[in-house]
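Both of the next two complexes hold chain A, though its partner changes from chain B to chain C.
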Partner chain A sequence: MFPSTPLLDKIQYELGAQEPWPKDVKLYQPYEVEQILLPDNANCLAVQAFLRMCNLNFEIVSKANAEFMSPSGKVPFIRCGAFVISELEPIVQFVNTKGISLTSELENDQKCDIRAYMSLVHNVLENAELYLCWCDKETYNEVTKPRNGSVYPWPLNHLQNWTKRSHVIKRLKMMGWYSKTMDQVYHEVENCCQALADRLDGKEFFFGKKYTELDALLYGHIYSILESRNAKLIAILQKNKNLLTHSQLIHRHIMQKHFDDKLLQRLKSDHRKIKTRNIKTKAKEVEKRSHIETNKNIRRNQTIENTLTETEIDSLSDVDSGDLSDY
Partner chain B sequence: MGIVHAKEKKHGLASPNINYDDCDSVESREINLEGVRARVDRIHINGLARTKDDYVKGVVQDLFDANDFQDVLLKAHTVRNKLNSMGCFQNIGVFIDTSKGPKATPDGLEITFYVRELKRVVGGINTQVGDNEGSLVIGLRAPNMFGRGERIQTEFSYGSKNTNNFNLSFVKPFTGRHNPVFSTSVYQANSEWPSSGYKQVDLGFILDYGINSWPLIRHNFQWDVAVRDLSVLTKGSSFAIREESGSSLKSALRHIFSIDVRDDNIFPSCGSLFKFTTEAAGAGGDVGFVKNDVFLQTNLSLIGDCVLQTSANAGILNSLGNDWKLGLMDMYYLGGPLSLRGFRMRGVGPHSEGDALGSTWFWASGLHLFTPLPFRPGKGGFGELFRTHLFVNAGNIGNFEGDEDFMEKVKTNIRVAYGIGVAMRLGQMARIEINYCFPHSFQETDLSQPGVQFGIGVHFL
Partner chain C sequence: MELILWAGDFGLISLNLDCIRVTAYARLTKAPVKIKYCRNPYCTYPVLQHESRYVYNYTEIVKHLEKLSYVLDDKLDEKQYGESYVLINMLTLHLNPVLEYLFWQNETNYETLVRKWYSQVIPIPFINLIYPSRRRKLAHEFFDTLFPHQDREAIEITLLKGVQECITCLTTRLGESSYFHGNSYTSIDVAVYSYLALITEIPLPNNPFANLIRGFENLSTFIKRFNCDVFPDVQYDSKYVCRFFGSKIKTNEDDDLSTSLTMKVVIVSAALCGMFFYALSKNIINLTKLNSFIVIDDK
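Let's look at the complex of A and B:
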């Protein structure tokens, strides 16, 4: 009931820092199979990757109204004890207050670099994805509209699409992106990828052998672009092959390792829910969903593998074997 | 003789606006009037511009049935009231004269109604200050638009916190025995519920058809479609409330059955009010439930001006199943100065971190003893706006979940509070209460509020 002030928030964060990472942390995101859109998917994957990089346990909860539950209106967000924190940067900060950091060994100017490149990814890749989803007519009609509206009944779905679209357009106008053409947007993405590829150079991760939140963020975006099967964007990525290998590396060693456990857990928790609710229709739905999810994850791996078969994986071979055991 | 007298008196008035109290002054001759045979030959209505003839015709028709002069006077009075309630005229005067001309009958009378129509558009702008927010309210009304009592009303309020509310409604009354009225409105409304930690924005429209099946029994059939957007009020709202955020679409059919035979809305001295509301949501949209509410109030006049009032209120909410949503705004809450006094607003029932979560059934009852102010200051005038009252409230609220027997749950953990206070009438619609409450029995989880409690509202338990 108290009015929330920045000071009060700060104090609460500091107090929260004294507690260790709780066991029941939950990450809320929209339904992956039928609802989530490209920019949201990128952010959700980035946060998942970051938390896994920190070896923090969490459970993924899919909610149709995740976007509205989030304090900032953006997905994903985590619930950690009494705290609800959304988006990657605040989550990174929050994790830091618990004494867990991926960047503790880095120099100050390197930390500045991380921030700069992260804002580059946010400003270019995220805006490009938003533009593609909401301003490109074909994508909007064929992908965005049915997916974003899938959780609402008629005619609320149209209303929701319309409101969300006007919000996104407002944001893009503010950032000066709305006036761009699709080709200009692709060009921006190309430049951004080029810059990132140059920075990555021949290294495994941006800062040598140790991954950071920047790696997590980039992984989230590249991976979800690959999943989106947008030919033009994938073609741009394929020009910068080291970005693809970078994502492949993170996927194999950070995400996939947890995948089997995750699916098992998800199935278990779904079954538990079914038991308590005891509804046959719901059960079928959930089973179908987890089935699709399994297929999707298989497909996911195939996607990235297919993309990679065309690239030469020379840098990967030596990383693959022993180097990652340190982490 | 009586006729001549009445005519002369009315001639003496400069304006056609007749004061009916004057009729009482000739009460000593009433016997004469009743005996005087009279027949209404003609009725004139002066001052009609855009109002259609057929719309007024039906109303004045009764006058032709009058047989004696007294009947004519009484009927003229009812017709005048009816015309007034049509909401088309500013003021109405009646003029009665003997009928003249070739077709005049010996006992014939001519009655003339002088009316002045309301202006085409009436409007106003005002500011108001409410819960932590100031707002500018613009209202416009177009009465009697097409000449048959149709009216359009619109109100737009722009708040300092960017909360825009609007309401646009169209009302079409029909002439007929059952007083059918059709109305429809489109609205957007913002509301904040600090006691539950959420705020909501409703955008919807209502179709309403009201009809009387017996003179005092009113039925309202409604179709209510609304998009409800719920969000947390502050960062500190509990997670249970946060989980409910988002939009839902409700499409509900509602039937309201009401009998009101009380002599007054605010401080009735006799009579009862019974209201039964059934609402079924799920005809489209994603919100599905069946809701039944009942409200009963009975008044009994005791010695002097003391009135004993009993009231009871109960509701049951059934979900249509897990495939349907059930919003926080659909649930029942109990507690507060308007319902169960002695508790905080929505203070009774399940809470999560201080936020009321709502329940699927409730009942509440009250017993009041209203008396005039002690020593009766301002008797017959200002003092009549006030009443002192002693009250006892009892109620219970809960959810259907669990294995316990429903009736058992209803009977256990009953909350009781009693107290004394002063109530004040605000116009014909609302009242203010200041009470000193003593919560008698309550649960640990309830937020009781012993001591002074202030309430303002329209519907009181």
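Let's look at the complex of A and C:
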């Protein structure tokens, strides 16, 4: 890994701009099922959504030590040719140097809005998630401790938990969040969601029909909160239904679409192989596998759909089919 | 009502962010508060004392003042209120680390001004030396966790980038108008002033952020106008550091010699006074002789 100095990065980005997006881009993140924590999951999903919004190819690589591989110490990070870039904003900038941008048609004040609202999400939702994971005793003991320590052997797991916790606490102290109570944190999240819902104001995405990195970031946070199954946070989200609708829209049309395409391709190629070999038993296996995968997929979707009532989903599907045909 | 603030200097009512915000809020809502300064660095600032009740922190104090019907944002509609909330969060995220960096992380600023200022402000000996170094250590830890594996220059460039984005946002939002919302100051104006004034008004020797902000004319005039409107009684001064180092804060070693000359005069005269009184107490100098000399002279 090359040493990270912003000036060097900038020069390298400029030089790299002439090269097209490579085929073997890899996105590194912690293990999704047993290791990842709420704030990291939000950031990983946000980056995935952003890259998919830009129609860029990448492969997800799960590593237990992704956090320590990252140049900034934060997940996720991408390896694109000779570059290693972590976090959403630097990745967005890097993608922009390749001439790919989701915000090129926006006015200056709209671009400012993106920055301001992204700062809001970083400052409130991210800090609240960190607070919940590391400072709320119940969540720390039941979720954070076993998950964060799951990839380390005893006694390293306790040591790692302790160091990470002290790091997070220092950060929260300086940002003025450590002195808050859990109720104050929920109140802050409520205000943030209210501000975001007001800005969304019935539109599909923040800037009309075109999605931006802000939509990707918000999707990451909302979806990972829903996956975390924290009752209080979900209750707050349910008060602002349009945020849920927004996330579901992105999930269906960007994340899901990609997943379906990939699955279809894999199945097709499997079928082709089977035809040539003409082995009936394998065909059955593939069918079985496809059935399992679609089931899995449905289960994943249920987390988000459970939170919406049926009538809302109906109204959503109308929006989907009509207005999203542009994409 | 009494508002207890951390010491102020360099034309600022206080050198604590929330203290400036609370005082500006109180003055704009015309809440009858009396300002009292405290120079104990270990207290939480600001503190509002109201009928033997103490209220801490900006948010709590604002809530308390709102209960007493001193409300600043009453003219804002919901959308404007939301926008203020978003902008204040952006300021907190981007400019809090900048303040921390300027005062405590940057070596030149710390050695030339901050450490000396604190050692003059804190009246208790030893504490005035221990507190700044402890506070600096905390800031180091903060930057180690926020920007791991990055050196000072890299951190400065990252912060500058954040500030530039934030300031561009503010100047686009403010445009040609005098206020962020409507025709009067609201809480977003107060927050913007507090952050920008703290960054630009203090004569720190190494401050690239101030130059960046001064480059935007509408923000510079905004700071000046806010200062004139809300704090007309606070004049530019350097109360603490000038006491020993003259009116100018030394920026290089040549200045060091000229300022230490006044120090030398003070030290020599103090020593002469001491010797004189010692001589008097030991009867080496006889005052009666001196008196008679004066009397004879008169005759």
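By our rule, the second predicted complex is superposed on the first by the 274 of 327 C-alpha atoms of A that agree within 3 Å, B and C clash if a C-alpha of one lies under 4 Å from a C-alpha of the other, contacts with A are read in each partner's own complex, and residues count from 1 in each chain.
Operating definition for what follows: a contact is a pair of C-beta atoms (placed from the backbone, for glycine too) under 8 Å apart; a residue touches a chain by one contact, two chains touch by 3 or more.
Because the structure is a prediction, the values reported are computed rather than measured.
By the touch criterion defined above, A:N108 reaches chain C but does not reach chain B. After overlaying the two complexes on the shared chain, residue contacts for A:L120 are found with chain C alone; chain B is out of touch.
When the two complexes are overlaid on their common chain A, residue A:K239 makes contact with neither chain B nor chain C.
By the touch criterion defined above, A:R199 lies against chain C but remains apart from chain B after alignment on the C-alpha atoms of chain A.
Once chain A of one complex is fitted onto chain A of the other, the partner contacts of A:R79 are limited to chain B, with no touch recorded for chain C. In the superposed model, A:P153 lies in contact with chain B only, and not with chain C. Contact with chain C, but none with chain B, is seen for A:M175 once the two complexes are overlaid on the shared chain. Shared-chain residue A:R229: touches no atom of chain B or chain C. Set against each other, chain B and chain C differ in how many residues of chain A they touch, and the higher count belongs to C.
In the superposition on chain A, contact is made by A:N65 with chain B only, not with chain C. In the superposition on chain A, chain A positions 4, 71 are in contact with chain B in one complex as well as with chain C in the other.
Note for the complex: chain B touches chain A at residues 194, 197, 227, 230-232, 234-236, 239, 242-243, 245-249, 284-286, 321-323, 354. Within the complex formed with chain B, the chain A residues making contact are 1-4, 9, 63-65, 67-69, 71, 79, 84, 152-156, 159-160, 277, 279, 281-282. Of all residues in chain A, those touching chain C in their complex are 4-7, 71-73, 108-109, 112, 115-117, 119-120, 122-124, 167-168, 170-171, 173-176, 179, 191-192, 194-195, 198-199. Chain C meets chain A in the complex at residues 57, 78-79, 82, 85-87, 89-90, 92-94, 96-97, 100, 141-142, 145-151, 153-154, 157-158, 161, 165-166, 168-169, 172-173.
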